[in-house]
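Next up: the structures, one after another.
In the two complexes that follow, chain A is the common piece, with chain B as its partner first and chain C second.
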Partner chain A sequence: MRTSEVTALPVVTLAGDDVAQVKDIAFSGDGGAVAGFTLAGRGLFSGPLKTGLLWSKVVGLGPDAVMITDESALDPVDDVRGAAASADGSGSGGNVLGDQVLTDGGTDLGRVVDVIVQFDNGSSACDVVGYEIEASEHLAAKVSNASNGTRLLVPLPDTLAVSGEHLMVPASAEGFVSGDLAGFGAAVSAFRAQLGTPGEGV
Partner chain B sequence: MQWSQLKGRKVVSTATADNVGKVSGFVLDPATRSVVALVLKKTESGSVVRWGDLLAVGTDAVTVADTTVIVEPDETLEALAGKRGAVLKKLVLDDAGQALGKVTDLDLDPDTGSLRELLLDGRTVTGDRLLGVGSYAVVVRTD
Partner chain C sequence: MWLVLVLVIAAAAVGGLLALQARRRRGGVIVGGAAPRRKSGGSS
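Here is the complex of A and B:
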């Protein structure tokens, strides 16, 4: 699912109470997984909370809510920020929106507008599997029904280099660009299999 | 037995054969997945009757021994009743964070009051999947 769809989702306990809503998503230092969420209070005028939610405490993430066992699953927001910072202090903290996606061959594929995450119930991590980009002219020319600025999905390898400005993907990622989320999981698996990294089933 | 059929049914005392009230609501305990009390209106005194104090839930009337079992809710019932404990029209979420719809009706076991099914628009959820009822949603286990 797109991370923009996660923002503002209610955080609901298994007892049925909405204790917070997602304010922002914190990615782990290498940008490869969701570390947790910062939270805001429920309601139009409530501000940010001092508590956050680590991914390890999430019971379920769906289109309509983030589920937790109870309120004790919430931790101080600094713990979430700590989990998001990479061990050596480098990395962009996962803020990739607006970054230019470059292949290792030096071709511009477009700019990141959204992050696609995937997690299977039972797996431990919420993996970042791709980015939604506004296609560059070069990429649009290669994809049918696409023009400059069309939103396309680019699969990611398990790990990749991210700076504040650029995001490097293997040139072969171009071949696995997909137009909609429905077939994207398969494209990610195929792409990762081709790279020789363990892919994830959908 | 569906809640919509039970609602509005008269409550009759077997001691005096008088109408002593009318069923207007219920109190569901998510922990036991059963209705623990009925909320009554048009009573002389008190507003709830515990399920265990009912003599019978018949097709035409609910019978009680006498009016002494119609009481004011204690703290436990008070906590389960109210808006937070209400089930009807509330959103149903599964534990994977997916909304299933809104509760339109309940199917109850007329003997024990246990919840057999939650009825949603176009689908049903068995009572044993119920995890909790809160201010925001009714939470059920993923199928």
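Here is the complex of A and C:
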């Protein structure tokens, strides 16, 4: 699932009250786990809220709404940011949209336009498993039917490297770039198996 | 004439306000718990 499909989703209680909408998705640079969401009000003139939603408080995430039990599930937004912080408190890279993706060999793969998350409503985990990028000339030349700016999906290792304006991926990720979301889960599994980390589906 | 001018100014003000509000509400994907930083030329 793309994070762009989650932003602006309404947050709805099981009683049917529409209490907020998703603004940002916050995830940890340590393991890519989604920590939660920052929220905005539902009114036309309402801005960002001081409350956020921890992923652990999400009852269900569907194509049309994020479900919570009731308004007490909302926490201060700093709690969400704290949950997304690295274990050592470092690694605050800000918004990854627009960041440049570099391989550890120093090759530019493109710029992030979306982030792919994997979750299962039956489990407690929601993880970042890939970036959707606008391909650089280098990457486009390696992928059939791609040109400079074509949107491609790059699988991520279990542990992410994020610093400043750059997102690092292993050079071997180039071999697992996918053009469509349907086959991306298999690409992530194969990539992580090749790295020796546990694979996951999308 | 003055009425048209006032209406144009009012429409521009409302449009600017709505654009500003849309920018404040625009989402992002933040890592490591930082508040989203502003980027020039990119999404924020």
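We take it that the second predicted complex is superposed on the first by the 194 of 202 C-alpha atoms of A that agree within 3 Å, B and C clash if a C-alpha of one lies under 4 Å from a C-alpha of the other, contacts with A are read in each partner's own complex, and residues count from 1 in each chain.
What we mean here is this: contacts are C-beta pairs under 8 Å (C-beta built on N, C-alpha and C of every residue); 3 or more make two chains touch, one makes a residue touch a chain.
Predicted model only: the values in this text are computed from it and were never measured.
Novice: With the two complexes superposed on chain A, say which partner A:103 touches: chain B (first), chain C (second), both, or neither.
Specialist: neither
Novice: Comparing chain C with chain B, which touches more residues belonging to chain A?
Specialist: Residues of chain A touched, chain B against chain C: more for C.
Novice: I'd like to know which partner A:13 touches here: chain B for first, chain C for second, both or neither.
Specialist: First partner only, chain B.
Novice: Kindly classify A:136 by the partners it touches after superposition: chain B alone (first), chain C alone (second), both, or neither?
Specialist: neither
Novice: Once the shared chain is lined up, is A:61 touching chain B (first), chain C (second), both, or neither of them?
Specialist: A:61 contacts chain B only, not chain C.
Novice: Just chain B (first), just chain C (second), both, or neither: which does A:51 touch?
Specialist: neither
Novice: Per the contact definition in the header, classify A:189: touching chain B only (first), chain C only (second), both, or neither.
Specialist: neither
Novice: Check chain A for residues that touch chain B in one structure and chain C in the other, and list them.
Specialist: none
Novice: Please name which positions on chain A make contact with chain B in the complex.
Specialist: For this pair, the touching residues of chain A are 9-10, 12-18, 59-67, 121.
Novice: Any idea which chain B residues touch chain A in the complex?
Specialist: 30, 84, 90, 93-99, 131-139, 142
Novice: Considering only the defined contacts, which chain A positions touch chain C in the complex?
Specialist: Counting only chain A, the residues touching chain C are 3-4, 7-8, 21-29, 35, 38, 40, 44-45, 47-48, 80-86, 90-99, 111, 113, 115, 160, 162.
Novice: Quick check on the complex: what are the chain C residues that touch chain A?
Specialist: 18, 21, 24-37, 39, 41-44
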